[in-house]
């Protein structure tokens, strides 16, 4: 497991403060006082605080406080799964063209807010401005890549099967259902997009636990999604402790599949065991490089092949 | 065996000359629109499913005592038929002799149900069959195409009946059926039924021209509603003739008609049935589709010529234990 | 002439055709030998008479088999080109066809299923499966699964008793075509055809160790699943055991595919072709005594045709012939084991207790053996156990619906998702319903059709991975990131 970032909420080791972080820097005398943002959860198209009332401090790589994020509880997770289930018929029933359009629209919105996201990624990940911008660009491009798959994937992996009888028989990939994802811990935005977009484009709805220590960029992403055409509940975002939340996600009986990309190696076995109680599909790649060519393995991880038979007669 | 129960008018059949036996069906033939609504309201037939069912029934293994019973039953259901332009009185007389005593070497062999000839040869057949219990059937109504005026068709029927035919095999107007003029077809059958008087009416659907099993089901009901005592697959002049799925659908029709009206009508399969194996498979189909109450010559017939000899040869095989040859049955 | 009813005389296949041997062993590294586990007697469920003694495997035998499979995988089998692997599989397919009659009789003796089914379905479909995957062996690079697909290694395969030879074919054919080697455990009550397949494999000169067959009980299955030398587990069986397997391999990183239970809805709309729908209902639940994971065990009938369908179904069921599995006219054979019979009885009794109405045709049961009559429960509600739990027997639960949306809602209201049936003459409704049903196989205006080219497998707790078709290759080829698929 490549992630070097812990999935809990303990404060990272302090290093030299990075003065370039846009979010948390101190105002100079006489300068306008910034309006700080409250980072909330995104569930069913709304932005609630955690029902538990909890929040936790998020620091930059230098250890400076960036903001307090909502610390989701298992009840928030429960609500998120309900919202995802409720949104599933509509999203999976939308035309592939429509889903592609919506994902592409997300890319457009991200592109328009490129600077904001670059600043947040830089702060979250301790990257230089240009490195952060490259991450944002790659994230935008990833939405575009997956958006284009919406109305092609079924053509690539589906088709008719030449059975030995008077039947027309065809197989199509259909979304697995509600997918629970543990987002990569280090690549806050690009990693998140890389695991979420392939699950969404085939028609799944998702509950994502963001990087525990780097959650802020994707809360902003959720704010963009809320004004995009993505229906409420299709993507539900939880911030907080992966260590605390992941077991509830893995065990939830109304979750159909689990993506453990962002789970620590040591936690994976227990999560996969919990997933077995309802025969969840578990996707747990040994390696994850968000900058690599994505391929289609992730598209295949959260689809079910449905095969339909019908007689051919007069 | 006694075939006395085959005498017209003594069998209890209610061929109601256009008067459906069930009050609930009285309205459906009021006009073409009602009739169309009714026929198109019948459950559809899935061709592949019907074929699969027919094929599954064909896997029944009928051996020993069951086979002996089936062969004799099949012989008793044969309408021994000759419908050639070259038919002569001599040919018909010869056929009648065979019909009454199919196997002179074995008197336990049952007689066939009927001899079926063109109307001009009915008198010869009646004379030859006198006292045998074997019925005389005749194709009428401008057989096999049915393309003549109603008047001509009725004349044809009268001829045959006057000459002594006790069973009339008519053909329906397939053109009218396929173009949706169901009431025309219905009225024609009713008229022919009236012309038959006491003679039994078998209504040939010519299923090979109806093509779909949906049409076979609708035509079956149409003929039953109009008073046909039997529904019959084919003239024998069109291919395909009797096929297992067609037989299945027609058997379902008489089964369902009986369930709805209490009125038990018959099915006659004609055309292309040449072997004992096929005949036995059809008896299995009758048994497991309509039920064993249909397993008698009163409600099930084979229209055939060469089938009889194969049945006789298989009968010899069961009796002698050795495979039989064509020299041991008569070619008529 | 006789005028009694048409009584079909007995038409039994001779049991000599099965060439039963007094004892069977295990097949490891190309050789037959006695297993070191328990020696058990496999019995004929139709009369409870012993058929043969089987020396089952134990954990040490599993070690040997896995070692042999590993050695074959790394040695001979890896060095065998796809084209050569194909020819071995073609040989096996042909050999199954050549010995089809023997295998059919043997299957019916060991399993209790009617000879009509083993002869017309199990054995020919098993041969067809080898034919189908044989052709893939040298064409994998064209399967759309990457330019150079790689096998996984040693596949451990555990199969059930309902289609003993066919399930062995479903497992072995794709595994070998993709270049894996195999350790397969047939079900404890039905090892004989798999062991005859071992004989065929030996006669086809497959290199030793490529296929190893280990009869035995659950502990042998567990040893295979847990064995560190096994790279891939393929299991067909109950959802309960499937969950245990998924759990036990969670730590090991083995690839898994699971084909588990089902509780399929067979939906009859009011415009269905009723005669064919009734055949579909019968085929859906009474085929193989209902010992079918994808059986149409829940009949959902639109209320407006409920009476007509049930009346027609009952009339049809009167023609079913229950009895000697070797009689060619038998439609319903024996339940495979006393344990299964007890389970079927218990669930059927729960149907009575929960207020459903039980009906069976007049159908005398043989005195010896394990038998259960074809049974239809009407007045079943969604909450009843017989509407929710897999019975795996000849028991149909009938429910009703009023609207298409209600039909789909009820059909999907189950943790299972293996198969479903739709009966309507309206094309657009078929495609609408097929789209809404959460099931891996949807039969529209037909039921229980199987073909090697057609992917088979479930949604939800019916398992994951597909068997059959191009999709079936993915279960046996390396792929990124799968813990459990």
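Order as written gives the chain letters A, B and C; numbering starts at 1 within each chain.
Simple rule for what comes next: a residue touches a chain if its C-beta (ideal position, glycine included) is under 8 Å from a C-beta of that chain, and two chains touch if they have at least 3 such contacts.
These numbers were taken from a predicted model, which means no experiment stands behind them.
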| item | value |
| --- | --- |
| Chain centroid nearest the full-protein CA centroid | C |
| Chain pair, B-C or A-C, that carries the greater number of C-beta contacts | A-C |
| Rounded Å distance, subunit A centre to subunit B centre (Cα mean) | 71 |
| Computed distance of Cα centres, subunit C from subunit B, in Å | 44 |
| Centre-to-centre distance between subunit C and subunit A (centres being mean Cα positions), rounded to whole Å | 38 |
| Of all residues in subunit A, the ones touching two or more other chains | 167, 311 |
| Residue numbers of subunit C (touch at least two other chains) | 445-446 |
| Touching two or more other chains - residues of subunit B | 46, 48-49 |
| Contacting residues of subunit B [partner subunit C, same complex] | 1, 43-46, 48-50, 52-53, 59-67, 69-70, 72-73, 75-76, 110, 252, 283-284, 287-288, 292, 295-296 |
| Complex contacts: residues of subunit B adjacent to subunit A | 46-49, 51, 211-212 |
| Complex contact set, residues of subunit C against subunit B | 1-11, 116, 120, 271-276, 279-280, 319, 328-329, 425, 445-446 |
| Interfacial residue positions of subunit A with respect to subunit C in the complex | 93, 156-157, 159, 161-165, 167, 169, 171, 176-177, 256, 260, 268-269, 272-273, 275-286, 295, 297-298, 300-301, 304-311 |
| Complex contacts: residues of subunit A adjacent to subunit B | 166-167, 311-314 |
